[in-house]
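Supplied in structure tokens, the structure appears directly below.
Letters are used for the chains, namely A, B, C, D and E, taken in the order the chains are written, and counting of residues starts over at 1 for each.
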């Protein structure tokens, strides 16, 4: 377990903030003078990082065409080029780039927020079990350990389905066993389940879900809960964990229609292509023809705004990937393990200050 | 039951992901260079698959008109044609295509997400029953089997109402009986219900709902529940199943107004028609007149973007149909059956690792 | 009661689907070739049905102006007409028709979806009571009947407030008494309530709500519930019914601001007027002047798209009216009565298949 | 108490509909021919009522400028005027009026709907207490009265914070005492609370909230509840009342940013100013120059559409004010008092029809 | 504790309204004549306050260019300047400023509303504990004090993560101890936790959460709760507090993509730059050239509308900062402390009016 526990990775799902959230490019005082400007010159997760490779290619093509036009074409060729370029330029305006893009990105971000909101954590399930288990149970601590391990295992098996980095870290059940989250006989049961009709690596988390239910049932039958009702409350917590996972999977797999993503991508590439081709047409003045020929900013900027906007949308369609803006699920899982260790140690702890001690908080 | 259980169809409602979700056209690392381009050349569920037939027809008409204009019309005819085409072209811009379309698709996708979110599953109802039933009940396993069968039956009868593929697989009650989900005498009761005032094939699921309530009541009266409160919790789970089904049906039947769909469809066809007719007007230069005559891309592309967008909206209006992007309800039902088998077998199981065994998870 | 029970009206709130939902203008396979076209030629609830009368009037005015211009005006008059028409035409473009309309319709449809979602049904309240009442209660069946009648009565009195067709069917308390939903002495109590300060026909449903609470209280005090907790659960169900009704009334009465509806209506009529007046201005070519004079499609189509869109919005603002797209509350109420009869008969029923019988569902 | 109870004000929060909801400007049959037109000529809450004063001022300025231009300016002055007017007219188009306005109004209406949805009522809290109190409690009726008074008091003290008309009706605690909702010693306690650190007129409702909790606690300790669990349920109802009030206050005080409202207001006034100034520029024809000079409709209409839209947004930002479209909180409070009287009288009532009597509802 | 308790800061989370909410720039009667105008001349939180520094800089640059153009450039230079300016001006129109901006601000405000709605308070948790603790517990008051202190501590440690002003007021655990919210030994435990793997200042609130659970558990084991079920209800309240905090942190840290904020900021600065450069081009008339040269309002106004809109969006992205529109968390915390004092004093209080006294509220 220890090997992931390097000090940098200390994120729990509830508490995953960095030391200061200004780092997100928005300072805490947005109205201070000059504050808007500062955020522009940031590299990590930035607009520039998203587009710099594409910008270089764009510039190379742009200048090649300028040079080709100026030195390789004769007057007739130039006239033909002008005609074709102006012909193409005209239809750019009828491309519904902005509206396709706006529709796509707002849909993608909505989905993203929904996934964020419904991402289940392990905290509630574990806390409830720890709190509702009697203190004087013989195998109390072992029982808590087993329960915590199953909850973490179910969480991991659920999110492996949608999250590539988790799949890469834990490529198969053996890897999970090596990480200490799975016993030999449990792994064999899961492998056996995968051999049955309807059993795949995706339904393994449901088997663990059955184990959790059975464990709760046994705990209840042995009368280990403080209050009889606690059985139902723990069952509900496991249900919520299962349902939250199911919602995330549903959102992640029933994606935004591919046709829409393709349409918007094609539209933007067309827009970019035309913006390159049509750049020399109108300029007759010397200064502006040089500018138009070698400084493509006025043509390139709108394209790259669209392009970055598209990228933002695409990142949002896969929230568990490797992009910088994605949710880092390895860290999140690490946080769940740390939280689980904390909660396990809290089984049977005493409050630090007894109620008969001096209390520093003088409410008058 | 076995005949649908081919290994490929192993989807459970919570866990219906394919092995890798990149297949959805969005790779896990959207920011990697060249990644955007790759998704464009995909066929399944693609933009191209949606429009290729229409594109061929569009092209044939387009070229026919070019040829007709060039070879069949004399100068006067051409002038007339030009006048009419330019007259029509002018009003294209006042067609509120984009706004009608945007309104329609966003409404349709909202509905689609709502249906997705409220789709009820059988897992919770079955789990609760299995977990809360005492171990030492004489007919325990038979009782679990009966309960599971009724839950699946109610789910099936509910979704048959809105889902054509399910209706085709199970065209009548006899087909459901043959699939092993219905007894002879139960079928007769349902047939009898359909003969009563207000009874249709649509209210059959409500009869099964009554049976489930009666079964729970009987189980409670016989004192077979572990805790008395479990009766109410099971009743609630059945209520939630019924309500979820009702919500799906409400959304599916109270559709987006037909008039809106017609208006947006007519607007887009008009746009397409005018884009074909008006293509030869302005080009006097030889190169561009050839392009304009035989390469309709600049005119066709906006039209097909709109057309594909419309299609996406129409697909979203019927989420349970036969389209590739639709929810495959046969698979979902198969998944529910597999899940039911798993849960049935989990009645009375022991946890694989006892709490006194060695636990691999060393929390320090 | 029987008189509404014609076989055609058999809709229950959860299950109000027609036999096949394709009838809604969207086929189950939206991607099939030619499928989009078919929906256009539908009459019921269609775009054409919404606008055909207005279209005739539009055409008559349009042609009258053409004839008046051509035959009644001399050259000077024509010049004046041209000047005025072109003056008016210019300002059409600055009318914020599309944005007002988009804002209005999306607000209206949002409200409509919210009403749909919060519409309470009688099923849950009745089911809970039937399920939680002991079998061996002396007046059990009569008690169930009374409870069901009160629930239906409360539902009816609530929805009469917002739904004109229900008001027309049941114009006063006497009509409800005649329908068998009200006793003589109950009606007198309600009439008396209306005479008290703050009592109107709108608060009658609250009196019935008090009766329901009193009935539950009495049932609880006599110990007729299976489990003591059931009292609270039944109270909650009645609360939910009351609250759902209140939400529907709130949404229905706090409507979209009248000023907004007027503004958007005036804007669209102005748009239509200008589109008629300005139609002959620009055309000098013989063919197009004839087209412009007698075939107003290019001018009329945008107007009628806006007009139909407005209509859709207006229909959505009153979801309980007489329009084809409205929710047919008479059918819904009929469905509630049918459901109530079913649930009443389910009091004390046995499940059709005993748990010791052969079970057709072989889970292996 | 009686003085507000005039018969006209008989609205309860759930049931605040007027006799017929068509009065809202939308008839029940929106598709009937001519129906759209009728709503236009309505005065109450209308577009015209919102703008008529501004329209008169607009017209006076408009005509003054026309007259000044025609009779006071010489040719040079006219040329200068033309130049300035056309210079200003040009930039109107770059004003983002529509988008600022659309953003502002949709945000404002969203907030409004959220406040509407979360507005708490007194019904649930009172009903629960009345229903769960034993019949044979010695001071039962007095206890109910006290509870009801505290609930109403808490509601009133909460909504006084956000609602000016309520503040005007009940300007201080003495006025509330005179209305019979507060005892002398209770008022003194509240005044004393206001003198303590952190105590203002805004936190008074929290003191009443403490009283309610104490009253419930005492009722529970004396064993006056039918079921032990009812204590918790009543506490929850009071919590919900407190939370709902807090949400309303949060929404009402954390308003839409002032800067946004100012920006949109300035943009619209600029738009109006320029529409007045630029009206004589282009018209050279006699008829249209007269129209342009004295009939400002084409210039004024877009402006007044924007203006009315802005007003609708501003009304929505303060839902508890004195505007016609606002929620009439005095009526709502009146309705709560009437409902409270009804619920108080329902303590210990019998159902009108005993379960052994003849039941008019023959379910077959 | 007393040092923050100056009388001005008396806000509780539920009740944070100022004396009159008109101060928010929207009067209570938006339809009164002249009301719209008044709000424009407000300074606090105003449009003008947001942009005045930028406006001065804008004006200085603007006039410098005018002077440079008029006096420093010769005719050729002016021609070159005109060419470049007009070249740049042309591409302004293709900048997707409005759509980027609209997308950004609506996303930001949605997030802001979500944070507002999910911000947890301490009231519910404390009330539940106070209400459910028995009166005759020996260390009752000390127990309540300890519980309240832990709840406040957990709230503070949670919001310190996202809120800079709270971090500045309480820079470390020692500062919190000095404020009386932390004991020496508790602080040492928290410091020790920070030294463990996965422990940071961000996970400290989870340790306090464990203490709260342990305290509840001990209270339950000693039988100090009035009703056994109260244990579970208190656990749930603490869970809700933890979850609410987690949601706020999630929203605050997973911010709007930086690339989007950069793109929209760059687009607006480009727009502003071009609006400055392109201002002298077209004006040949003396009056308008002077206006164009020294009165930049027509060019500046659209830019500053966009700029202010951007600022509003940026303020919304960090709701806990130092801006005037931000939520003042120091006041909110102060309010929580005041509320805690009030609730602590309400432990064991009697209701002010006994149920046998005269009741001023005569319900007839």
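Observations
Methods note: a contact is a pair of C-beta atoms (placed from the backbone, for glycine too) under 8 Å apart; a residue touches a chain by one contact, two chains touch by 3 or more.
Source: prediction; values computed, not measured.
Touch-path distance (fewest steps) from chain A to chain E is 1.
Any chain that touches chain B and also touches chain E is listed here: A.
By the residue-number overlap criterion, the interface of chain C with chain D counts as different, with under half of its numbers used by both chains. Spacing of chain B relative to chain D, judged by their CA centroids, is 40 angstrom. One finds 25 Å separating the Cα centroids of chain A and chain B. The set of chain E residues touching two or more other chains comprises 2, 50, 229, 311, 315, 341. The touch graph of the protein chains shown is a ring with every node of degree two. With the ring opened at chain C and read toward chain D, the chains come in the order C, D, E, A, B. Residues 1-2, 49-50, 53-54, 80, 83-84, 87-88, 90-91, 94-96, 99-100, 103, 107, 110, 114, 139, 142-143, 145-146, 148-149, 152, 161-162, 164, 177, 180-183, 185-186, 189, 193, 197-203, 205-207, 210-211, 213-218, 220-221, 228-229, 231-232, 235, 239, 242-243, 245-247, 249-250, 252-263, 265-267, 269-270, 310-311, 314-315, 317-318, 320-324, 340-341, 344-345 of chain C are the ones that touch chain D when the two sit in their complex. In the complex of the two chains, the chain E residues touching chain D come out as 2, 5, 7, 10, 12-22, 24-31, 33, 35-37, 39-40, 42, 44-50, 98, 102, 105-106, 109, 113, 116-117, 121, 123-124, 127-128, 130-131, 135, 226-227, 229-230, 233, 283, 285, 287-288, 291-292, 298-299, 301-302, 305-306, 308-309, 311-312, 315-316, 325, 327, 334-335, 337-339, 341-343, 346, 349-353, 355-357, 359-364.
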